[in-house]
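What follows is a structure written as structure tokens; I'll ask about it next.
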Amino acid sequence: MSDVSVFWRRACEGTLPLRFVDWSLRGIGQVLFQDNALSGLLFLVAIGWGSYALDVPEVAISGLLGVLVATLTAMWLRVDGAGLAAGLYGYNAFLLGIALPTFLAVSPLLWVFVVLGAVVSVIATLAVASAVRPLNIPVLTAPFVLVTLVLLLAASAFSGVETATPAALGFIEPIPPEAADPLRPLAFLEGLAHSLSQVFVKGYVPSAVLILVGLAVGSPRAAGFALAGALIALVVAHLMGAESQLVTAGLVGFNPLLTAVALGAVFRVPGGRTAVYAILAAVFTVLAQGAMVAVITPFGVPTLTASFVLVTWLFLLAKPESSAASEPKS
Amino acid sequence: MSDVSVFWRRACEGTLPLRFVDWSLRGIGQVLFQDNALSGLLFLVAIGWGSYALDVPEVAISGLLGVLVATLTAMWLRVDGAGLAAGLYGYNAFLLGIALPTFLAVSPLLWVFVVLGAVVSVIATLAVASAVRPLNIPVLTAPFVLVTLVLLLAASAFSGVETATPAALGFIEPIPPEAADPLRPLAFLEGLAHSLSQVFVKGYVPSAVLILVGLAVGSPRAAGFALAGALIALVVAHLMGAESQLVTAGLVGFNPLLTAVALGAVFRVPGGRTAVYAILAAVFTVLAQGAMVAVITPFGVPTLTASFVLVTWLFLLAKPESSAASEPKS
Amino acid sequence: MSDVSVFWRRACEGTLPLRFVDWSLRGIGQVLFQDNALSGLLFLVAIGWGSYALDVPEVAISGLLGVLVATLTAMWLRVDGAGLAAGLYGYNAFLLGIALPTFLAVSPLLWVFVVLGAVVSVIATLAVASAVRPLNIPVLTAPFVLVTLVLLLAASAFSGVETATPAALGFIEPIPPEAADPLRPLAFLEGLAHSLSQVFVKGYVPSAVLILVGLAVGSPRAAGFALAGALIALVVAHLMGAESQLVTAGLVGFNPLLTAVALGAVFRVPGGRTAVYAILAAVFTVLAQGAMVAVITPFGVPTLTASFVLVTWLFLLAKPESSAASEPKS
């Protein structure tokens, strides 16, 4: 693998087109925090396979279009070279690209939305980076959530773009916990897998396996925390009385999964305290996800990864050792 | 004109009452970013004429009351002299003053709301200025939006103040784009003009002409971007399938117009890239405006200039050259 | 009193268990800004008495559990010693502890919520402290509002936790102001007292007297501004046409009361201008409270102390002397 990696790096150095491909693949890899072209390639194959199998090829095409447009936009805006090369300007547009055709009907205007959204996602990435820099926290997927929600809400306000079936929105409806049991072995494994593939807005088991491999290629620790986060989500949501079908479909699990990976394997020094802290955050993300669904349901749009962003920001902002909550008196 | 300007400056230097008038007029001018007493005077005449012609004289009176109370409040609070002299403590109260009697029925409590709102708008201006200073972005009309929405929502919560006809709220209802055509020449010109006068919460063509003259007096470039912003809004909203009557009434256009002026002619170095950037922002403001209407409709209040504020902040925060989105690892 | 205080301080120095009790009592005292164990003890007795008299002992038990868990969590997270000793990591959890059983039915999961919420409230306190430090404003009860709303909304999204009677939510329904009169002497005194005890989410006159004594022990000025804030709220809400029963129940008064104490007696240098400023803020809090109730009602959750937090932040952020609203041009 190391030989391939060295060969790829040398090939990229020589030609801009290859570098452009490298930046875009890393953009896809950054959806799960991997500055790694191979991870990105595996994620892309997973999404392509999944969207082909589920008969929605437009989802993969739109995601690819989004990340390519975003990389071009970042070059036009002359962003910082290191961020561009690490794929930090691509992952929000890739997610936007796969989310829009999931929640909107296919039409010429949809493709205009994807291109416009990808361009604005780069501007939103720069803006959020400016806003959170004084707080020393990362951008995460806030630009994806912001721009996608604006476009989805605009689609509901104007008649030119039609929304897809509301079933796709995955609202958590409260039903008695006895009605079904997502902790039966098969349903449990399915829930785990779907939580992984729902990070990319689709539930499909073979895709999930590829995503897990891609994640493990970049960081075995991240893969471990992803499984732990999904497992926590399944158990907590079931105990809280969430609808079993939604749990099994992975719609409750992808946000806690992202929180667990971010706090357990990416943004904090590894260790026992970090692990406990990440697990606590994943548990709270399940509740925050439920709260957000309750707030956003009347507006007919999904919460996307908003609960992951907010809980991870909250837990990253809390830096006990260096901080004093002492209230200033002026 | 220069002689009049010099004469006015000298007259102001001598007497506080004249300086007070100067500060208040500049406050009105700042609604469209003009630190210019003549622009402010022309805007005031435009509003006065429009509110007289539309038989709502209370609107102009309330606007004037708002800016005078705000200027007095700023003096009492001992704000910075340069900001006071540039009218930066007045424009939010002027907008609040013309918005309140547009959305609330006339009553003694309405006038209490105008005075209280004008006072608090100065405090909100200072507060927002403190909050956004580390980010190096301007206050814009955020204090107007914040304080006016609090008062309008409070009016719906308490029975002492009655809301005006909901028709005034200008919700964008989705109807088929074929139903009418705002791009016919006459409707198109009307839409352009109303987009300008709706910046001051009213649709009236003669007012729009006066506002355009007032704007051109202060900055011809700003007048050009105002027309460009309104034009973009008309075309984009029509393509999106917005209701033609609302487009023609200027209710879709005033926010993109403000965005285009702010980004194209006020807060960025002029040039080709700035113009492209401003046009992109104006297009996105049309979508953001639609999204906000979808969110705020259930609460029975208007979005005011919220979409302009948020999109302009987003595009000003994004400073590619100096910024790195690189995620910090702690 | 001084002797008792000295004796207590010495006793605490010797033993960790006593220090732990001291920190927790100060945590309760900080609900009304008192870094004072005796104030905290009197508040605790007031809540205990009130919840016993109103036949909801779980409220006092849950509050106590919350503050103890939060103090332990703060120790585990190794927060700054001065903040811990002043009770700054306890008051949000105490409020969360008394709020949860007020709005949710008693069940095993409720107690899990209280413990989890208390733990997360400490993390939220650290996070909000980090976020507001550059702005030089205090944390106030933002962590309480944030974490409690997440848990209450999650309870409405999942079927495992049941919400209590909606009557407890205290929505302000608009009825004609003539229908009843909260300014009759007895109703007026009741309204004053309940505004005080509603700071701790309960309306009970004897508790209110104890709370006032506890507050006066810590700061007579704070007690004065508490009464002034409650009085302003009663009069303003009545003039606005708020429902008299809610005014008398103290549900309109506790937020303006907190604003008046914070701005008049805690965070600003005492004086005539400060008093005028605090009264203005208290008046605006009544309107902000009405606005928030209008926004939050469809979601079936209470606004808690959100209007106090936002208005107090707004008025503290506005620092006229040092600040310029001058808009930067880049």
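Think of it as A, B and C in the order they're written, each chain with its own count starting at 1.
Note that in this section a contact is a pair of C-beta atoms (placed from the backbone, for glycine too) under 8 Å apart; a residue touches a chain by one contact, two chains touch by 3 or more.
These numbers come from a predicted model, not from an experiment.
J.: Applying the touch definition from the top, give me the chains sitting in contact with each of chain A and chain B.
T.: C
J.: Same or different: do the copies chain B and chain C touch each other through matching residue numbers, with over half of them shared?
T.: Chain B and chain C contact each other through largely non-matching residue numbers.
J.: What whole-Å value do you get for the distance between chain B and chain C if each is reduced to the mean of its CA atoms?
T.: 36
J.: By residue number and range, which residues of chain B touch two or more other chains?
T.: Residues 134, 298, 319 of chain B each touch two or more of the other chains.
J.: Quick check on the complex: what are the chain C residues that touch chain B?
T.: Those residues of chain C that touch chain B are 134-135, 172, 174-177, 237, 239-242, 280, 283-284, 287-288, 290-295, 298, 313-315, 317-321, 323-330.
J.: Which positions of chain A touch chain B when the two form their complex?
T.: 77-80, 82-83, 86, 88-89, 109, 116, 119-120, 123-131, 133-134, 136-139, 149-154, 156-161, 266-269, 298-299, 316, 319
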